[in-house]
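Attaching a single structure in structure tokens format; questions to follow.
Per-chain residue numbering starts at 1, and chain names A, B, C and D are given in the order in which the chains are listed.
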Amino acid sequence: MSIHDWFKRKKLQKETEYTRERLDIPGDLWVKCYKCGQPIYAKDLAANLKVCPKCNYHFKLTSAERLAQLFTDNSFKEINAGLTSRNFLEFTDTKDYSRRIEESILKSGLNDALVTGLGKLGGLEVAAGIMDFSFMGGSMGSVVGEKFARLVEAAREKKCPVIVFSTSGGARMQESIMSLMQMAKTSAALGRLRENRLPYLSVLADPTTGGVSASFAMLGDVNLAEPGALIGFAGPRVIEQTIRQKLPPGFQRSEFLRDHGMVDIVCERRFLRETLIKLLRFFKD
Amino acid sequence: MSIHDWFKRKKLQKETEYTRERLDIPGDLWVKCYKCGQPIYAKDLAANLKVCPKCNYHFKLTSAERLAQLFTDNSFKEINAGLTSRNFLEFTDTKDYSRRIEESILKSGLNDALVTGLGKLGGLEVAAGIMDFSFMGGSMGSVVGEKFARLVEAAREKKCPVIVFSTSGGARMQESIMSLMQMAKTSAALGRLRENRLPYLSVLADPTTGGVSASFAMLGDVNLAEPGALIGFAGPRVIEQTIRQKLPPGFQRSEFLRDHGMVDIVCERRFLRETLIKLLRFFKD
Amino acid sequence: MAKPDKNGKKRLLGFEKPLLELYDKLEKLKALSGSGSLDMDEEIRLMEKRIEAARQEIFAGLDPIQIVQVARFIERPNVREYAGLIFDDFIELHGDRNFADDPALLTGLARLDGRSVAVIGHQKGHTTKENLAHNHAMANPEGYRKALRVMRLAERYGKPVISFIDTPGAYPGLGAEERGQAEAIAKNLREMAELTVPFISVITGEGGSGGALGIGMGNRVLMMEFSIYSVISPEGCASILFRDAARAGDAAVAMKITAKDLLGLKVIDEIIKEPVGGAHNDPPLAAKNIKAALLRHLAPLLSLSQRELIADRYNKYRKMGIYNEGR
Amino acid sequence: MAKPDKNGKKRLLGFEKPLLELYDKLEKLKALSGSGSLDMDEEIRLMEKRIEAARQEIFAGLDPIQIVQVARFIERPNVREYAGLIFDDFIELHGDRNFADDPALLTGLARLDGRSVAVIGHQKGHTTKENLAHNHAMANPEGYRKALRVMRLAERYGKPVISFIDTPGAYPGLGAEERGQAEAIAKNLREMAELTVPFISVITGEGGSGGALGIGMGNRVLMMEFSIYSVISPEGCASILFRDAARAGDAAVAMKITAKDLLGLKVIDEIIKEPVGGAHNDPPLAAKNIKAALLRHLAPLLSLSQRELIADRYNKYRKMGIYNEGR
């Protein structure tokens, strides 16, 4: 997928960002940075791993982009790609959930918000899961939970570590209680992995909130976060409504979470792959 | 020992209390409460378990008084009573440590600051340790550590729970590094007890600070504290010197520790015995 | 607590208004009976029966949003009351041994029919003042960490854990975020999955999202007849998904949040019957029903090994989810 | 870092003043050599040797309070520097997953001669600003909890733990008390005793009381030649026990706080030799000595089973204490 396609899709996708302005594209070749507002030549942005060369803002990555950055040897083989969501509650809000699923599949080219598979990183086998915010805001429903659980099972079978990149607005509300149960299911899967003493590295990307943050995203043996990512249980708006005041700058960002003891490493994207490999090697011995 | 003797000894013992005035005895029969300043008839005080009937202030108890209140059936049999401290560093501050030990033994009628033994509480066998503040401020040296470790070993042999009443100003500085090592020794003993899944109940009495608070006193499966007891790692004076301001009222008191999550139960002395028995029965099933 | 108080209104739910007229009549009958020499006991009993029947009829036909009202009713028994009614020798344990004692979550040790168990539950109050003191049962991270500490204590000594769920959700406050609300809940989920002792969760009122699940991963999950369990409040769902806050009623229906719905989805294992008019009308009877259910579900769990208990729980949650397998 | 900087004074300890004159002469020789055509390399080398010899003599005769000065010297290598010199691939891990990341205590993962280990240590700085940022290596409870978290992480994957001790003590602050300094240290002691992996502690500078012990319960405890380990600072001891703050020197003697004293008391297992003039005169050499000692002590521990490792540690601390058995 070209960066151009990506921006087209970006416009369609529901933006859950909080303080930043929506992306404003002055033309096909130029991108305006969310954070510093500077125009960036699209090719430069892509070459820089989608990090603003001027202010270091880390743009969101699709799962495809993340996979390309990570598995540079093309070793990643997807598993359980066929699973799709079902409107088992016959849920309709402003739109029928079935239609929402269909449209999201068409728009994103993905079957749901989590891509899972096996691959090699620095020569070491890993089971990897990559969430995609462009599929219904990376929300977790039955498919995300099931693919996560199967990924962990695959890792236990292969006796290899698990790496998961999270980015999610939270629960897939159209699946109601069943989306909540995925928190239990994914966390229980990680409990088993831990019993088997297989490492789990969690990478938190912008944004990771709600049910995903309060389950598998926070449970890494090592939690890594990309700089400036919004990470939290409650969304900033909800908190502001609760406490009736503006939140301080930097609140719920990666660096804040590191300083408050929840994130081990805030890692710039350009160092992410090598850091993951170092960690994998550490656990491998 | 009579209450009268106790107060005589009390005058001799180094007072580490912080904000309260020294005990002022207007006569043999009347005692002035530390906290409310009201005179109390000594017999009333003793009958009330040494708790001020007017303001609920919990007076310090000697180990003998504690034992009498706890093991009402006289079932307590002391073990390792003969151990005494040694001036192995030939330490002399304002007084030779050997002389200090001798004097403390004479004054307190105890061989060191911890009395240990086996007894029955509510029909259940327990290994019990009772610290005595009147022996060099309940400071922990080699003897306290050794007796504690042996008490835990006795409990492991008998497969019975351990209850320890702490009251201590901290490390026995005259034993220098060896007093510090008792923190490691006693905590390691509790680690073993835990591995054996034998319960440990810790009762914190006024005051419990320094090395004792930072080792066995805080490690109860259940931590109980008498009301208003001073409990902390650093002494209030040290903290005030560090932060250069007065401490808020109630700071480092039992209720403060409960509110800050460190103490499970603040238990009035009159309910202490039955609460301990309830807890013992809970763990016994 | 079974009947409305003197002025009769405070303890009635909105949809119970039809009962008001009957209660008025009852009051009048009682006044009549008390004042004169005429014995009207028979009439009073009859009126009481009519009230009972009317209440039964009302509660038999509650729609989801009305059940939400019952589940949240301020008169509903809270965990401390249930702890006193269901168990013997309840001893509260405070604190997470870490940061604070969270008054929004009660933990302690107790005996269930002679057997030692640990008790954990969200703590609501019956007055505004009480609810403020308990932060409306919205726990901070230290609440979840306290719960975990007590679960592990129970585990160390092989004692079953019983949790009572009744919360609008985990507290979405500044301090809660600073101290890792997400981490605290996530860790509880993983650790609950690995508990080596029998674990039963009872939803007694509001089962509010991650805040409920954070202490609710039992081997068995039971729900009181008029309790709810959902990923978001009906009001939240209406305003976010339906973009119309007034449509909470529709949201309550669509989300399938009642005990009956959740039994159908196999998210819960059993519905515990409530007294007529809801648990608050007869807390001892409600407690009796809970106790009976606990004992019934505990019995088979007690015969499982540690490994089997974990497997039982793992399999339970592993199965949850409905999706298309696809190609 | 091995020699004083240009103006030569900053990096000298008080008792090294006799060296000043020699350094002055060295400077002059260098200036002379640089300015003219006369080759004075020989003379310079000679003077350097004289300085070395003088330093060696001074350090061979240090009394305890002078060793205290070396142990606390602001130029002394800190844990981050040692981590870089002793290990490969050091990755810092932040945070206790609970409340905060304590900058007074560094934790991370690294490789020691190809083997994965966890690294833990008190973090001092070389400037006032750095020391403020690291709270003078006085950890808060979250520091001890971070250390425990990383120890447990190491334990889960069977990796040895290496701790570096260099602190005046645990921080005696208001927040530290609120958040349970005593509990944090106590818990670490118990958990360190039960660690199922090899664990070696190295006292590199100040071993200050419970704050040092809180990460220092290794199977082996090693001490740098000019480090100290004590239950209270000499100054504290002097003012409390001797009632004369000026008698810190006497206190330092009486308390037996030097590596030699503690080896005699069997509280430590080995003294690691420092470069002439102390570790700060040649950090790479100091690190090399530490590394050699670590590898030497690690080897036998690696062949022990989990059970044996715990027993080894338990027995070590169980034996500590000197008393009369009495009747």
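To be clear about the criterion, a residue touches a chain if its C-beta (ideal position, glycine included) is under 8 Å from a C-beta of that chain, and two chains touch if they have at least 3 such contacts.
None of the values given here were measured: they were computed from a predicted structure.
**Student:** Tell me which chains count as touching both subunit B and subunit D.
**Tutor:** Per touch definition, common to subunit B and subunit D: C.
**Student:** Which chain maximises the distance between its CA centroid and that of subunit D?
**Tutor:** Of all the other chains, the one whose centre lies farthest from subunit D is C.
**Student:** Pick the pair with more C-beta contacts: B-C or A-C?
**Tutor:** A-C
**Student:** Calculate how many whole Å lie between the centre of subunit A and the centre of subunit D, each centre taken as the average of the chain's C-alpha atoms.
**Tutor:** 42
**Student:** Let me have the rounded angstrom distance from the C-alpha centre of subunit A over to the C-alpha centre of subunit B, please.
**Tutor:** The computed centroid separation for subunit A versus subunit B comes out at 53 Å.
**Student:** Based only on mean CA positions, could you tell me how far subunit A sits from subunit C in angstrom?
**Tutor:** Using C-alpha averages as centres, the distance is 34 Å.
**Student:** Tell me, which residues of subunit B touch at least two other chains?
**Tutor:** Within subunit B, the residues that touch at least two other chains are 194, 260-262.
**Student:** Any chance you could list the residues of subunit D touching two or more other chains?
**Tutor:** 97-99, 179-180, 183, 187
**Student:** Considering only which chains touch which, label the overall pattern as line, ring, star, complete or other.
**Tutor:** Graph shape here is other: it fits none of the named patterns.
**Student:** So which chains end up touching which?
**Tutor:** A-C, A-D, B-C, B-D, C-D
**Student:** Within their complex, state which residues of subunit B touch subunit C.
**Tutor:** 194, 197, 199, 221-222, 258-265, 275, 278-279, 281-283, 285
**Student:** Which bits of subunit C are touching subunit B when the two form their complex?
**Tutor:** By the definition above, subunit C touches subunit B via 89, 91-101, 109-111, 115-116, 142, 146, 153, 156-159.
**Student:** What part of subunit C is in contact with subunit A in the complex they form?
**Tutor:** Residue list for subunit C touching subunit A: 170-174, 176-183, 185-187, 189-191, 193-194, 209-210, 213-214, 217, 229-232, 237, 240-243, 254-257, 262, 265, 267, 313-314, 317-318, 320-327.
**Student:** Under the touch definition given earlier, write down the residues of subunit C that touch subunit D in their complex.
**Tutor:** Residue list for subunit C touching subunit D: 97-99, 145, 179-180, 183, 187.
**Student:** Can you list the subunit A residues touching subunit C in their complex?
**Tutor:** 81-86, 88-89, 91-94, 111, 141-143, 145-146, 149, 171, 173-185, 187-192, 194-195, 210-211, 213-219, 231-234, 238-239, 242-243, 247, 251-252, 260-262
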